[in-house]
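Got a structure here, written out as structure tokens. Questions coming.
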Amino acid sequence: MQRREFLVAGGALAASLSLPARAAYPDRPVRLYIPFPPGGESDIGARLQQGVFKKITGQDMVVESKPGAGGALAWSQLNSMPGDGYSVMGTNLPHLVLQPLEGNVQYKTDDIVNVHFYQYTPDAIIVRNESPFKTYQDLVKGAKEQQDRITFAGSGTNSANHLAHTRLNKLMGAKTTYVPFKGTGDLVASLLGGHVSAAMSYNTLALAQKGKVRVLAVASEKRLALFPDVPTFKELGGDWVDGAYRGCGVPKSTPEDIRKRVSDVFSSINKDPDFRQKMAEGGFELIDVTYDKIPAFLAERKQAYIEAAKLMGLAK
Amino acid sequence: MELLSNLQLGFGVALAGTNILYCFIGVLLGTLIGVLPGIGPVATIAMLLPATFVLPPVSALIMLAGIYYGASYGGSTTAILVNLPGEVSSVVTCLDGHQMAKQGHAGKALGVAALGSFFAGTVATLLVAAFAPPLAELALKFGPADYFSLMVLGLLAAVVLAHGSLIKAVAMIILGLLVGLIGTDVNSGVARYNFGLPELIDGVGIGPIAMGVFGFGEIIRNLEHGQKREVVSSRVTGLLPNWEDIKQSTWPTIRGTLLGSFLGILPGGGPILGSFSAYTLEKKLAKDPSRFGKGAIEGVAAPESANNAAAQTSFIPLLTLGIPSNPVMALMIGAMIIHGIQPGPQIMTAKPDLFWGMIASMWVGNFLLVVLNLPLIGMWVKLLSLEYRFLYPAILLFCCIGVYSINNAWMDVLLAAGFGFIGYLFGKLDCEAAPLLLGFVLGPMMEENLRRALLLSRGDPAVFVTRPISATLLVISVILLVIVLLPAIRQKREEAFVEEG
Amino acid sequence: MKHLIKNPRDFWAGVMFFTLGALFAGVGFTYKIGTAARMGPGYFPLVLGLMLAAFGLAISLLAMREKNAGPVVEKFHWNVTFWVLFPIIIFGVGLKIMGMIFMGLMVVIVSSIASEQFKLRPVILLAIGLVIFCSIIFVGGLKLPIPLCPAFGVFEQLAACRV
């Protein structure tokens, strides 16, 4: 295992070292389309990558936001872009799986060629400081007693937060109410003002509101460095490691070697110490799912999402 | 006095050599993009963000904030000169500001807008400095039910914007509400009225509508009468406001500032609610309300100071709570994270130099804006003496680029053209566009909060009258409704006679 | 008909509101309506659509009953409308393929035809000036992601075209 990781890291390092010699790609600015509005997590991540991209490749990475339909607008246009490696688009899970299940969108999950997944933000249950729920156990007890009077704010309908809430209900054995908001920024005021009981969101929200909110549980593999006291769902008896995954994809017509090159570049960006520190401060957990590991990773994620989507009544 | 020492710290930061330079660059850029129709602060800040990487965080944020309020400032210039709301919040300024310009008082309108904005900026900055935390707490008290009632009040106030037929204004508001519903319904995730077009899943943007209905519609109207008719009187009387004008605008400015400061705190429609409720208030208080819409100076002073005050106070939820009250603020949060600053409640204690530096820079920025803009008034007014046949193609090109740049979406450009025709049609039928635009902005928020409130109360509508804030707002709405309806019924009869004569 | 409609502007405005209201309500009916307590996506638009239609009807009826004749609806200037809106549509459709330089020149020149005092030479100078200005400010200065050159052929090779 260690050997394998060493090899992957070594390969990426070699690739980054050999870049000047192999001037084939990239030899002009690369455009990274972000399917969400500026200021969101995907946009912030991309803009932090921008500087490191230039440092590693010597070329600019232009971030262009193409927001619309929760990302679906851009993703349905991805395959009509030139497949030369200079058009790269941010991709997100579970969006890519959930949206086609729901219908309404003009792409299929398998249409999108993902080349790398580089970060994720784990699901987290967040309450405000004044909340009577001190621990996850308190919340479960309250939810069982009060059922739909317990309300969870989340971003969007049939979204990652919605899916997480469905899972949570099953885990708690309760029927709490999900209250959708337009975005994470919108729900903060309702959470802090006590208009909802809790928020089903990501650890990033808790970080942004540190001192005003408590995290009851996170859906990460291990406890988070920034929240060492917060238990994971795994510890609490649920098989739940999930969140919003961010990566990038290219048009279908992009040749194999370019796909690998793109993956290598983003892999090396993730290794930059300064970048790592900034991402950690922002609450992003870095992962390194390279192009060769994508099929297995996607298969595993897809299965988890489809199971949860069945609970929501989205998929049969 | 803690406040004084805090302000001293703040001004120390804001006036430090490089920071004042970046503040100046920010407000200059902001004024530029505000004046150019369509190019909004969101697109600009997003694209300039990488350029600020090299700056220290405080300088970067001071500059980005300057772009934001500079843009809201510059937006009114375009509104007054060519009847194009550069920013949503300057829609109301179009009503009387452009009329003043048509009568040759463009300089006065611009001057009053500048001075009013500066006054409002000063007061709002002091408010932010002194009361930011308690004001933020107040904003948190607003739940979904309260927001719904606030929207109801806002829509009623929108009726007063119209200076023609009342019933048509109401119909325009409803139409605006309906157009606002195009796109994905937040509560169910269903896409409504998008006719299968993925471009419409997020609804229609305010940019294409404002550009189309106001900008393109107005250009067609001006052209159809032939250029022999002067679009704007080139005979300019009084480049700057005189004492009489300033006296007339003093109270409207103060009232506008207070209203704007308060509404700016609320996440959501801050500046726009502020600017038109200030206008409504002035029209209701005026001895002769019929002057409004025909170039009343109060109709420029009040909304302009309100929207500038709101632009300042909308930093309160951001700085004290880390809550973005509009897309620009969301971007500012992004900017902070990129600069390695964790936004949120701890900023004030963890980074006092940043917090107070930004607040002080707002006042500095407002001061720079006045210094920058007063001398520019002469230039703007000269721009109007440019022949219209050269002016309008330029406006069209800026609008095209601007509308495209909002989302980098070609569909927005087509939509703007479509709304241009609709705006032209509205003009033919004497339907005023301002109420439509307000309905459009408030509609989605109204539905969202209505349904959210009912979801939280588990279907019990009593929540709207049992929550004190909501109940108070509804009572004010009823009072306003009575005030609006009574004179309108009387006036209707009078007008019938007037028109005959 | 003419003598019945006292105020044509109001009358036709009413007709417009009625039609739009009915359209919105009709389409709104196809979404899940729900109840007042648990509204579906169709509830709000249906109610508003019906309200708009009702207001439209009322405006039209009032326009017919008015005692005094109101202003007539002025005639539409289709040619002006066309020359203003057509280049905008072409700009929207063509920007990604043709780039801002060509589309910008097109917008300024074509839209100028709408003016009675159209003269080709000054308009071309104006167009060139504006396109240079826009390229410098928007693409050069503000770094907006707007393509300058056409996305094909020789232009791809030009260094100046690579943003």
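Letters A, B and C mark the chains as written, and numbering starts fresh at 1 in each.
Operating definition for what follows: a residue touches a chain if its C-beta (ideal position, glycine included) is under 8 Å from a C-beta of that chain, and two chains touch if they have at least 3 such contacts.
Since this is a predicted model, take the numbers as computed values, not measurements.
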item: Leading chain pair when contacts are tallied as C-beta pairs; value: B-C
item: Chain with minimal offset from the mean of all protein Cα atoms; value: B
item: Most distant chain from chain B, judged by the mean position of its C-alpha atoms; value: A
item: Computed distance of Cα centres, chain C from chain A, in Å; value: 38
item: Averaged-CA centre spacing for the pair chain C and chain B, given as whole angstrom; value: 21
item: Residue list for chain A, restricted to those that touch at least two other chains; value: 64
item: Shared-contact residues (touching 2 or more other chains) in chain B; value: 185, 187-188, 408, 455
item: Sequence positions of chain C contacting 2 or more other chains; value: 145
item: Touching residues on chain C, where the partner in the complex is chain B; value: 9-10, 12-13, 16-17, 20-21, 24, 27-28, 31-32, 35-42, 44-45, 48-49, 51-52, 55-56, 58-59, 62, 66-68, 70-71, 73-74, 76-77, 80-81, 84-85, 87-89, 91-93, 95-96, 100, 103-104, 107-109, 111-112, 114-118, 122-123, 126-127, 130-131, 134, 137-138, 142-146
item: Complex contacts: residues of chain B adjacent to chain A; value: 42, 45-46, 49-50, 53, 139-144, 184-189, 191, 198-199, 201-202, 267, 317, 321-324, 327, 330-334, 337-338, 340, 342-346, 407-409, 448, 452, 455-456, 458
item: Residues of chain A touching chain B in the complex; value: 37-40, 43-44, 47-48, 50-51, 63-70, 72-73, 76, 102, 104-106, 148-149, 151, 156-158, 177, 179-183, 185-186, 188-190, 192-196, 207-212, 278, 281-282
item: Touch list for chain B against partner chain C, complex; value: 29, 32-33, 36, 39, 43-44, 47-48, 51, 165, 167-168, 170-171, 174-175, 177-178, 181, 185, 187-188, 190, 192-193, 216, 219-220, 223-224, 226-227, 387-390, 392-394, 396-401, 404-405, 408, 410-414, 416-417, 420-421, 424-425, 428-431, 447, 450-451, 454-455, 459-461, 496, 499-500
